[in-house]
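Here's the structure we're looking at; comments come further down.
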Amino acid sequence: MRDAVPLPARTAGAEAAPPDPALAEDAATALEELRTAAPLVQCITNTVVANVTANVLLAVGASPAMTDIQGEGGVFAELADGLLVNTGTPTAEQRGAAYEAVGARQRAGRAWVLDPVAVGALPVRTALARDLLRHRPAIVRGNASEIMGLAGGAGGRGTDATHGVDAARDAAAALAAQAGSAVAVSGPVDLVRAPDGGVVRVPHGTPLLTRITGGGCALGALMAAFTAVRADPAAAATAATTVYTLAAEDAAAGCAGPGSFAVALLDRLHTITPEQLAARAELVREEGAR
Amino acid sequence: MRDAVPLPARTAGAEAAPPDPALAEDAATALEELRTAAPLVQCITNTVVANVTANVLLAVGASPAMTDIQGEGGVFAELADGLLVNTGTPTAEQRGAAYEAVGARQRAGRAWVLDPVAVGALPVRTALARDLLRHRPAIVRGNASEIMGLAGGAGGRGTDATHGVDAARDAAAALAAQAGSAVAVSGPVDLVRAPDGGVVRVPHGTPLLTRITGGGCALGALMAAFTAVRADPAAAATAATTVYTLAAEDAAAGCAGPGSFAVALLDRLHTITPEQLAARAELVREEGAR
Amino acid sequence: MRDAVPLPARTAGAEAAPPDPALAEDAATALEELRTAAPLVQCITNTVVANVTANVLLAVGASPAMTDIQGEGGVFAELADGLLVNTGTPTAEQRGAAYEAVGARQRAGRAWVLDPVAVGALPVRTALARDLLRHRPAIVRGNASEIMGLAGGAGGRGTDATHGVDAARDAAAALAAQAGSAVAVSGPVDLVRAPDGGVVRVPHGTPLLTRITGGGCALGALMAAFTAVRADPAAAATAATTVYTLAAEDAAAGCAGPGSFAVALLDRLHTITPEQLAARAELVREEGAR
């Protein structure tokens, strides 16, 4: 979603397959289960988006905790229902906490989500994110440039994508082979690739998500929340993307700019219902993707 | 206020005593004095809520400064009119600044406020918060689980309360005996316990305060602001709670969700008048509490 | 703009000279060029305002990146189109990153902006900001108290100005002599002083900018963005101030308080057009200032 590219027509090109209602229904059920479970989600994330990330989780019905200091990262990861590690402002203290936390999750065989913000050109976070792959994140989420940067390519210049979603397909396959992860590539049409190669496309959202900070980062946190109610990482990533991008689509309608959009997004994440998701989400399973 | 429990009927159970207009009038006068004084409030607080905390202080009429690095924590605490220490993301740098600051306040015999966020299960902040009690905070503010965690109980799982306000009564008494502090317990009906055992209940607020991050943390900062105009810590905590929860009640009316609630809360904190407080606050002094 | 003093009548006193339409037209052209260039702006800034700063840059059309850790500060400064160093919460990690970044900019002969938040009374940031002057910022932006504090005076108490804009004239001249910088002094009528002594006044804005955190800090980041399209530092500072204060003026009209003002400001920064700037900005070049 951080791509500044306009939304393509939804039925163009390779996405000509019809929507699969079963995918929309699973996202709807997952939302209902998340609101009942109110999962505790640990976020080791950047200081720029910590506030909006926490508010997105609260609006949907989860319980955020930004426990990101050394000596607490691992302890809390044992308690938490979900874990996000985001490399946006990876101070030495946060890097220490991240290693504690992902180590605890891996030892317990529990899911965690990696968001490799701006990985590629910047040395500290690139080394960190690639090393964290050894601890096998359930989901890796980023824009195309970040996914390519993590897999060994050059990446983008900053936090904005300079590549289209489909350019990241090989990189997503490489990450699945290396770490066993589902890979979610944010863009005008989001793509979720399961570890076995199955691909689902989520053709919702709004370019306004690229005009507020944390538009992508908060989605990574939401994926961590959904791992608490979906053991299948690709299903968790798909449900989170569906809830988030449909709410964003609604929030964009009638707002006056990025300020009022951000407000409306939190409101809509709070009020959107499983029934609305099931009725409106047009998720497409790619034919023969695997 | 971070409890997700619905608001009880205001006159139920032990709170059958009638509201005391003198309490509401003191809160109103304190607000007027705060707007005249525009106190400088130092906040050593977590990165997630720093922005909303500063905006709450500015909206009410105080002047925030998040001076939280080593080498400046103590210097600034000597200048500031109020001080908050919040343990939400206590990095090593912030812990050092906190010790500098509370040491300076204690040497000068001046008030400071402790907000023991998520104290209980997490080792670093729990040790920090308990140790800071030696420097005798004027006010300790938290939800019931945090107050219990600070006093030696298990606490909650994260930042959400898992106990009701009344469960924290013994813990509040223990903190008063140990550190001489007033204790403010946030919940559907907030409770402020004076060091001598007197109890005031503030039956205002909205469950939406539990759906935005910083809903409780900003109240701790507001208490620090009110210590600049009220030497009695329980009066400062009561005035802050009254202004904040009444403004929140008004903000919740007619808003579309947590996003627009957060916006309306800042607007209402800016516009609420002492006269409105005096007319509408229904503060109850508990009979025979001490 | 952080002064809490009411706006004076626009034509009073020394500013009796008529507006210069060429100044307004250059600001308008610069805005158009900025939206085309979408410059990548590195911000080493305080945790309180990082979110609003990023959102202001995104709303206008720039691309923010808060790359502020050691080991990345310099690498990114070589890639970025603009750089801001703000001393609001200067942790040891940020100080290290700031030295890396400004060193890289100076070696490359490229512009950077210094915002000396609360410099004067606080020892760590005051030493840091004065030392950073050796690396010759293109622009120094602050309120009058901060500019005076940086130049060797006592400064203010916190982040609020305790001096009027004109009190900082000698300090601005001293900074120009020492570091060759343009100096922008925020206040009810903003003042931009070129290194050669030329002065432009920007008589727009709203006192509400002093009631939201980051009201001044975000302007410093916007100046860094405009250095990507204006080689003349005073022209970059003037364009940024004009866009920002005119958008703020519009946002203040009809808003209900600081919460809705902050939202409307982001909306308006997104929608304001070069044509509106050219038609409405009343920038005054001071007669005989140099």
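Letters A, B and C mark the chains in the order given here, with residues in each chain numbered from 1 onward.
What we mean here is this: contacts are C-beta pairs under 8 Å (C-beta built on N, C-alpha and C of every residue); 3 or more make two chains touch, one makes a residue touch a chain.
Which chain is which protein? Per UniProt: A, B, C = Hydroxyethylthiazole kinase.
In this text, all values refer to a predicted model and were calculated from it rather than measured experimentally.
Chain contacts in this assembly form a complete graph, since each chain touches every other chain.
In the contact between subunit B and subunit C, the residue numbers used by both copies make up under half of all numbers at that interface. If you average the CA atoms of subunit B and of subunit C, the two centres end up 34 Å from each other. Subunit C has residues 47, 51, 93, 262-263 in contact with two or more other chains. For subunit A in complex with subunit C, the residues that touch the partner chain are 4, 46-49, 51-52, 88-92, 118, 121-125, 157-160, 210-214, 255-260, 262-263.
The part of subunit B that touches subunit C in the complex is made up of residues 38, 40, 47, 50-51, 54-55, 58-59, 63-72, 75-76, 79-80, 91, 93, 262-271.
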